[in-house]
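Once you scroll down, you'll see the structures, which are given as structure tokens.
What follows is subunit A paired twice: with subunit B in the first complex and subunit C in the second.
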Partner chain A sequence: MASVDSENRTGAQEAIPQAVKIIVAGGFGAGKTTLVGAVSEITPLSTEEVMTEAGYGVDDLSGVEAKSTTTVALDFGRITINQDIVLYLFGTPGQDRFWFMWDELAEGALGAVVLADTRRLDTCFHAVDFFERRQVPFVVAVNRFDGATAYETDEVREALDISAHVPVLMADARERGSAKDVLVRLVTHVIDGRRPALSG
Partner chain B sequence: MSAAYDRRGARGREPFHGRDRTRHWGRGHPTSEGPAPGVRTGDAPTGPLVRPYTITKGRTRPPTAGGRLDMITIVMAMGDHEGRPQDPERQEILDLCRRPISVAEISARLDIPLTVVRILLGDLIAQGDVRTRAAAPMTQLPEKKVLQAVLDGIRRL
Partner chain C sequence: MNAEGRHARRPERDTFDRTGAFKGRATEEAVENERFLRPYAIDAGTAEPDIVPGRASGPVDLDLLSLVVAARTPGPAEWLRPEREAILAHALHARTVAEIAAEIRLPVGQVRGMVAAMIAEGALQRCGPSRPLERQDILHAVLVGLRSL
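And now, the complex of A and B:
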């Protein structure tokens, strides 16, 4: 897909930083925005994408006023890495009916965090499926909820049926240090995946 | 259905219902085709509201042929177009773009849907009022040095 990028012809102007993004996925109420907010330098913002029933493929909406629209809200936060790089953290829409946003979110993503809620583990199956299929590197962070039964990471790994190289770790999405650990684990995992395989 | 993956009541606790690898989404993953079969749009607000494409005069696509602004494309105003009269929305965008800012953040801060922001930005790009830096395309993996910088930056948090 062609991208609009005028940076090449700007010459002496101030350099524009490059943006990278990480996706935070999980079921509704799994703590996605909480985790984003724990590490973001700004209070998480919400942007809206409006989808018309007519969908993408339509150039002009005149005459289709009767078509209904669906609004999808996306929460995101920001971490300025340095002068040249800005990291954005995007939460996925919680409801399954907004699956059509996931391709756009996944496009160009550095990796993903799947937040698992052990009270409703099945709510993150779709996310695991999606990132496996799209070959987006991901880690699973098991968010600790008060009153939830404590499970071992191995039990979660087995129930999610994910391969041994995918990191699974316990987390508290409310804690900055814990959220930071999750992101460090993810980026380390992404870097490890780039190294040429030692065998096979 | 997923018995092979179920936990068998280890230590007497509620077993997980494991993920069933064989399950798939009916007629395929719908995302690139628009809403999936069965996606209901009936929950959208149906009352009177300002239609989002009013300020784009009905256009749903940016004027730049083939170009597409990602949510994390970074936008910055050109310094030499101060004072050119703009529509209020475009002027608000230009004001925000005095510092580098992403498309998603413009949308969030002005409370204008992404699709509409893309169109307005397309106008501003065509007029030479803003310049942009696209996010790395999907096919091009982030460079190792970018990843290392991101890792270092997160560790400094």
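And now, the complex of A and C:
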């Protein structure tokens, strides 16, 4: 009945860019959205995912009646790299229980930034673990908060038990230049990691 | 009808015998809630009946960055479906599922369901990049782009 409409394709003529993404992870309040906003060409957009709590670890899905739902905010920004590539920066949901979203976010991501808050370093353990396990290349950016004790990057590296090849750098998520440096460092790290090792 | 015995359909509540009364009570609430479901929720539900939020599922494998574009202008299929009409309006140019969800202010899971249904019926078209690039080329281009920010 419905015929395949092949000639009338609205928008088929325009150049369609490739959409790629970088993940910005970290504990709640670590400055993820701030960092995204600092470099995004648009005010960070926000969408939400409705998740069904009872869907996890509960086998009987025959009825919907016992499920309770929670919404998870998902913030993202955009940087048009050139006419062929648009980069999206996704902030991960802060709470650990929303792992299912991390899986999707990590899928195909160029890499990830783990924002560390030195006042609550433990909040980024999960992110570090996750990206290591999923083999998503990442850098750790130590967000400088006013009033927080200044730590050396080595101290943070040690505290988080991050392997030597993972870059750890200081950052100010509010500063565009600083946020940009973090992303540049990440992409450089990703490119370096993909190069075949020359040393035997 | 019930008098006909074997022809009568088992009422839905009979399926709850495994878990007993609690489920029956919860169902009453669910039925009550159902009256207030907005059409898009039903819409999205039918497109991906077994959707696990956050995971690509269903016949059309869509993720947050899947690009879609309107294949036609809003028509009778969108009457009384303002959400679908909004999706078409926002997809005049190729847009990602995430952007559409943010713009029409609906949960991305629901939008994903509606977009999948709209692709299936031909209102939206999925699109891939005009110039597919190798990962390495993408990385180098992104590096150049970021440095020039």
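One rule holds in what follows: the second predicted complex is superposed on the first by the 172 of 200 C-alpha atoms of A that agree within 3 Å, B and C clash if a C-alpha of one lies under 4 Å from a C-alpha of the other, contacts with A are read in each partner's own complex, and residues count from 1 in each chain.
Criterion: a contact is a pair of C-beta atoms (placed from the backbone, for glycine too) under 8 Å apart; a residue touches a chain by one contact, two chains touch by 3 or more.
As the structure is a computational prediction, the values presented were derived from the model and not from experiment.
A.B. asks: A:Glu155 contacts which: subunit B (first), subunit C (second), both, neither?
C.D. replies: first
A.B. asks: Scan A:Arg133 for contacts with subunit B and subunit C and give back first, second, both or neither.
C.D. replies: first
A.B. asks: Check whether A:Ala19 is in contact with subunit B, with subunit C, with both or with neither, and answer first, second, both or neither.
C.D. replies: So A:Ala19 meets both subunit B and subunit C here.
A.B. asks: Would you check which partner chain A:Phe125 touches, where first means subunit B only, second means subunit C only, and both and neither mean what they say?
C.D. replies: Once the two structures are laid over each other on A, A:Phe125 reaches subunit B alone.
A.B. asks: Going by the contact rule set out at the top, does A:Ala164 touch subunit B (first), subunit C (second), both, or neither?
C.D. replies: In the superposed model, A:Ala164 contacts neither subunit B nor subunit C.
A.B. asks: More residues of subunit A are touched by which partner: subunit B or subunit C?
C.D. replies: Looking at subunit B versus subunit C, the one contacting more residues of subunit A is B.
A.B. asks: Could you say whether A:Ile191 touches subunit B, subunit C, both of them, or neither, answering first, second, both or neither?
C.D. replies: In the superposition, A:Ile191 contacts both subunit B and subunit C.
A.B. asks: Which residues of subunit A are in contact with subunit B in one complex and with subunit C in the other?
C.D. replies: 2, 4-5, 10, 14, 16-21, 39, 45-52, 55, 60, 62, 65, 71, 74, 76, 78-82, 84-85, 87-88, 90, 100-101, 103-105, 107-108, 110, 176, 180, 183-184, 187-188, 190-191, 194
A.B. asks: Flag every residue of subunit A that touches subunit B in the complex, lowest number first.
C.D. replies: Within the complex, subunit A touches subunit B at residues 1-7, 10, 13-14, 16-21, 39, 45-53, 55-62, 65, 68-71, 74, 76, 78-82, 84-88, 90, 97, 99-108, 110, 118, 121-122, 125, 128-130, 133, 149, 151, 155-156, 158-161, 176, 180, 183-184, 187-188, 190-191, 194.
A.B. asks: Considering only the defined contacts, which subunit C positions touch subunit A in the complex?
C.D. replies: Touching subunit A: residues 15-16, 19, 23, 26-27, 29-30, 52-56, 63-65, 67, 69-73, 91-94, 96, 98-99, 101-103, 105-111, 121-122, 125, 127-133, 135-136, 138-147, 149 of subunit C.
A.B. asks: Hey, which residues of subunit A end up touching subunit C in the complex?
C.D. replies: That would be residues 2, 4-5, 8-12, 14-21, 39, 45-52, 55, 60, 62-66, 71, 74, 76, 78-82, 84-85, 87-88, 90, 98, 100-101, 103-105, 107-108, 110, 176, 180, 183-184, 187-188, 190-191, 194 of subunit A.
A.B. asks: For subunit B, which residues are in contact with subunit A within the complex?
C.D. replies: Residue list for subunit B touching subunit A: 5-7, 10, 13-14, 16-21, 23, 25, 29-36, 39-46, 51-53, 58-62, 64, 66-74, 76, 78-79, 100, 102, 104-105, 107-109, 111, 113-116, 122, 125, 131-138, 141-142, 144, 146-155, 157.
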